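What follows is a set of notes on a single structure, which appears directly below.
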Amino acid sequence: MNHLPARLAALTATAAAVALIVSGCSAGGGSTQSSSSKTLVVDNTFDLKTSDPARAFELTGSIVDKALYETALTFEGSDVTKPVPQLTTYTMSDDNKTITLTLNGKHVFSSGNPVTIDDIVWSYKRVQGIAGNPSFLLTNLSTGKPFAIEKTSDTTMTITDTAANPALPFILPNPSLGVLDEKTLEQHGGTTDKTDSAEQYLNGTSAGSGPYELSSYNATSKVVFKLNPKYVGTKPAFGRVVLNNVTGPSQKTDVQGNQAQLALNLNSQQVSGLESGSIKVAKFTSSNLGYLWLNQNASVSGGVTNQPDFVKAVRHAIDYKSLQTIAGTGSTQPGGMVPSQFLGSLASDENNTTDSAAAKSDLQSSGYKGQTITLSYPTDATLDGVSFADMAQSVQSNLESAGVKVKLNGLPIATLLDSFRAGKLQAGLMYWGPDFPDPSDYVTFSPGEGLGLRAGWTKDMSPSVTKAKEAAIAAQGDARASAYEAWQKAANADGAFVPLLQAARYQVTNGVSGNVPNAIWTVDLATVE
Amino acid sequence: MTAVQLPRRRALRVPVAWRRPAAIAGSVVLLAWVLVALLDPLLGLQDPLQQSVGDAFRAPSAAHPFGTDALGRDVLSRTLWGVRSSLPLAVALVAGSLVVGSVLGAVAGYLGGAVDEVIMRIADLVFAFPTIILAMVVAAALGPSLLNAVVALLVVSWPNYARVMRSLVLGARGQEYVVAGRLLGAGPFTSLRRDVLPNVSAPMLVLAMLDFGNQILLLAGLSFLGLGAVPPTPEWGSMVADGVTQFSSWWLATFPGLAIFSVVVAFNLIGDSLRDALDPRTAGAVQGSSI
Amino acid sequence: MRYIAIRLGLSVVLLIGVTIITFVLTNLVPASPVTAALGERAAGDPKIVAAYKAAQGLDKPLPVQYFVYLGHLLQGNLGTSIGTRNPVTQDLAYAFPATAELAIFAIVIAVVVGLVLALVAALRRNRLSDQLIRAVSVVGISVPTFWLAVAAYFLFFFVLHWVPGSGRLSAIYDAPPRVTGFFTIDALLAGEPDVFADAFAHLVLPGLVLAVYTLGLLVRFARSSILDVLNQDHVRAARAKGLPAHRVITAYLLRGALLPILTIVGLAFGSLLSGAVLTEQVFAWGGIGQYAYRASTSLDLPSIMGVGLIVGLVYITVNFVIDVIYGFVDPRVRVG
Amino acid sequence: MSGLDIRGLTLELGGRRILDGVDVEVPAGQVTGLAGESGSGKTMTGLAVIGLAPAGAKVSGTVAYDDGEVRVPDLLALRPGAMNRLRGRRIAMVFQDPTASLQPMLSVGTQLTDHMRHHLHLSRSAARTRAAELLERVRVPSPEAALKRYPHQFSGGQLQRIAFAIAIACEPKVLIADEPTTALDVTVQAGVLRLLRELTDDLGLAVLLVTHDLGVMSAVADTVAVMRNGSVVEHGSRFQIITDPQTAYAKELVESLPHTPPPGTGEGEA
């Protein structure tokens, strides 16, 4: 072939180049800034499954439901140690078994219906009846018996547990116990038993008395809120809120470019050097607690992890400071399983200290003979942005320096949870997020209790821990704190769980304020201004 | 339709292929990686597993030419050790799919009939899935580990070999010498082994060579998704994944990514040259591979 | 007609095969999807677990579960996703157009640019431009898609700020009223140029990243099939007629090379979907790829089945369309 | 003189000299045969004349063209664009295998009209009318219907007639026919050759007939040039070459070439 096609070749090449340049150029002109000052954009990494409070029990779900629904009681700002009235005021009975709720002024649903005692009773019974994720909130955690919920007058109702339960007022602020508009929901398939079919409706239209209404909802990309005109509280500063599903790295650039005014999921690496001008970084310690478990079941433990001295060796071998370095400044090592913010938390414990000499001697006396232990961890979950893989590798390296052979076993959290819940994993890393800010949420980390059993820690083991646990549950009033401390000390001395880390969390804002970190619902969108 | 003319016992024209600059470049890169894999312990690198959390996320410097990762490990040494995960497993994977696919394809092509139908319909079924989605389900079912990722990819990669093998066998089956062999009393498998396989081995080898790059990419892709390599093993795909969440530390993803790229390019250059050296008509059959 | 009927029949068999494979595979998983879906506390409560199993039909034996699934399938019901709590059809109706928009953008870029490059390379065989284009093609098929996605995202978004971040649309915009599910097209239909510009800007980078592998693949094959045709007499005959070069190339040369190229485009579509899994993961695209990843790691059986079905359906449709185009382009097939 | 005058045509490809000073005159109204065995350079001569030598080929010498209206002292010196205006318009070519030289995916009508519309600026309908006339001229049955059909729907002989129709469509003065009957059944060869002779006489074409088949030569050629190793070793009248070859090579060739080669053995020629 000669000249002729060559010319055409040159021509087509030019055309291709032009096409590329055109597409390249148009790429630049995309993002424009919103002119509306009324819209608040919040970046969050979604774990959203539903916005139906009786079914939601994820972090994003709590943010959403907090904005849409009011609860009987609530917490003020970050302070989760003192329940305060919202829809109702409360009194506890002397035996701590019954809480009496009394309507607190006038609240109105977005439909215009007033909030009545019947709505609260119905909403609570619905949580119990449809047996969704949060239904345990209204159940006795030891016996599995649902609380008795009764309307006692047009303005009062009672919730009664079978045993003394001082945590009752701490449970009720949970956004999963948001109060729904019974009359509206009953028209859309809402019931208080398993036949309930209102979830679809709630994922399109909210039915609450909270500051916002649902404007649009997509569980994988974004949730948009608009003002609830019937809300009786202080009108929020922003008329429209967009909660956007964005990964960490993009959250950073979003805030920098003021594409988002609030970012909730940046980790320490990402926030370093970010603070400047209108960009503010609020740092606080997460109440999610990362822990290590060692299975006590003889047949799962490989004869290693159930040796008390081996457990001790592990506790001393771990370099807790390294973990904190990985997690970034602001992270802490909790003394026990109760997070540092809550009543009864331990500042530190002599059993959980880095001491390589002690680790070596404990290992020697445990009879460890070089067996490899398998350390499982979730690959697709983080402890507030800290990768479990990093933590696991750090722990592995610590243990290997102490002379323990460790094989890592990263699993998708679904697979991990399944085996963990069946008590089949020898050792591993997991975390616990608070269901309600009371130490009684944590007694599950005891022999024979739910979490204890996952680590093969059965009722007949560690009687000292069981005794301390029972004392803690039974304790009333001011005695509770020290009773829970004692329980954790016992568990640290002879237990299957090693509390490792509470990571630092960051809320990064650009030009807004009023975002108050909260351990239960992360942030109340209505207070941002 | 005329059958593809296959000269009897045609050897792969390897010397011809090796004279091409592309093949030389590819071989040099590949050889360098093989040497690195063999000599890793002697290169005076830092321990790829040695953590130093205080030195996390250090940018490239004289001490750490490729920087350090989240646990303060040396990215250079992890990248160079990473070849030990990728190369041997890719070889195992390609060899595995070559053997499984060839056997099934040969059986299907040679026996025909119901056996052919069943094997090829299963191949169709596997083809109907994008490789990585099926591999993802298999890997998730088996649990993450590099070996399971290899198994998962084996499940999805044999049909390509089976198809090509089947068409080559079909082409060769009609050749006079094969027919003559059958007439002289050679059983189906004897004839397959003696008369057919030697003639299809060259294109199959080229196919395997061209497939190497793909398989390395897929293997790394599964690791990237967290369904392959298990930490702390240095592996390129998972190293890139580490870099995804840490954009300010660009070196985390860049260097292992370049490593994958260099190996895949090397294999593709060699594979291309081999294919070009092969009879262009049979080479056509060899082209149909997909990620 | 009979041919079409047979093909359709085979497609149905193939689809059923797809459902069986996914069903068996996901049930081979050692973990059960039940606990995966339930929270920490809820999973410890046998009553909640039982209620959940009954609601999902997981209390029945496996074959029964499968036939129940098929029964629902016939009514267009793919079940409810364990992960998102939505009907799978609804999830797919959102995720599929997302991926389709991305994939179509990528394939159009890859085909147009790929054909032009292949043509230039073939016409200038063994010259510098040919060598360069072949090098580009080898690079295209050798670069790990996920790494390219990360690198491109880092460079063009994080450093240069040329493109907006991840996702399909900036937070300040609402998705345009849904007609096709393609944000760009829907925005145009709704007359929202801002939204269109934003959606398009989001599309460009992941689209180009996704196009790279397909582009490399296409250049490689198109070049060799154009070279094949170039050596055929009818191209020489056309040139002997003194036709202008563009006419020779479009009417004679490209038409002749079209069939093998079409086959490759069909193949490439499959690899595009694979690439989409990785690309979507990096760009948080919210399409089938990300959905499939979430579903397979969280053992979300109904979702995985849904993805399997839709992907199988796409595969069958693409092949069918290509067959039809074959018939359309090649008179020998059309009449025979 | 009217027709083609090829002087000292040389062609080098990849360092190999394929044509080494070819001298042939192709006068109007005559069929000039170019004979020789495979690799002797006959086909390349045809391609070089029409400007379609392979990429990278170095061509020298002169090819003078003259048809009374247009005179080109040297076709080889023309710029590509100018040459392209002559191709198909003044100089046409017919190839060996009609099933390969027609685009299988374009209708006969399209392939018969596109260059007419380009060179002669005919309208679509005018071109189609003329196309039908041309098909009638080359005796393809039911021309109107044939225009709508595709190459695979015709026999080889008919396709070659169509190829001739395409070649003469723009009333060229020179026709290069490269083994036009080799790929055809023996039974239809004679018809096609008759057509070639007829066209030569009726249209006053200067025909360069490239073939290795002396049977074909003896049927239609006026003069025959024998080629060997890239140059013409003997050029004389058909009668003289067949009955009384002067050079040893021509003699050898006449004796060795089969008069009627078996059909369908069209091996590619250089």
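Order of writing sets the chain letters: A, B, C and D. Residues in each chain are counted from 1.
The rule is short, and it goes like this: contacts are C-beta pairs under 8 Å (C-beta built on N, C-alpha and C of every residue); 3 or more make two chains touch, one makes a residue touch a chain.
Computed from a prediction, not measured in an experiment: that's the story for all the values here.
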Of all other chains, the one whose Cα centre sits farthest from chain C: D
Two chains sharing the most C-beta contacts: A-C
Central chain (by mean CA position): C
Whole-Å gap between the CA centroids of chain A and chain C: 35
Between chain B and chain C, centroid-to-centroid distance (C-alpha), Å: 23
Approximate Å spacing (C-alpha centroids) for the pair chain C, chain D: 50
Rounded Å distance between chain A and chain D, as computed from the means of their C-alpha atoms: 85
Where chain D touches two or more other chains, by residue: 55, 84
Per-residue overlap in chain B, given as positions that touch at least 2 other chains: 140, 143, 226, 244, 247
Sites on chain C at which at least two other chains make contact: 29-30, 125, 158, 239, 297, 299
Of chain A, residues touching chain C in the complex: 1, 4-9, 12-13, 15-16, 19-20, 23-24, 26-34, 36, 39, 41, 43, 49-50, 55, 57, 130-136, 139, 141, 144, 194, 199, 203, 216, 218-222, 224, 242, 244-247, 249-250, 253-254, 257, 259-260, 380, 412-415, 417-419, 421, 432, 435, 444, 450-451
Contact footprint of chain C on chain B as seen in their complex: 121, 124-125, 127-133, 136-138, 140-141, 143, 213, 217, 220-221, 224-227, 237, 240-241, 243-244, 247, 250, 253-254, 256-257, 260-261, 264-265, 268-269, 272, 287-288, 290-291
Residue numbers on chain A that touch chain B, as the complex places them: 247-249, 252, 267, 269-270, 272, 322, 325-326, 379-380, 387, 389-390, 392-394, 396-397, 408-412, 415
Residues of chain C that touch chain D when the two form their complex: 125, 232-234, 236-244, 247, 251-252, 255-256, 258, 329-332, 335
Contacting residues of chain C [partner chain A, same complex]: 29-33, 35-36, 38-45, 47-48, 51-52, 54-55, 83-86, 91, 94-95, 109, 112-113, 116-117, 119-120, 123-125, 129, 156-158, 161-168, 170-172, 174-175, 194, 197-198, 200-202, 204-205, 208, 230, 239, 245-246, 249, 284, 286, 290-291, 297-299
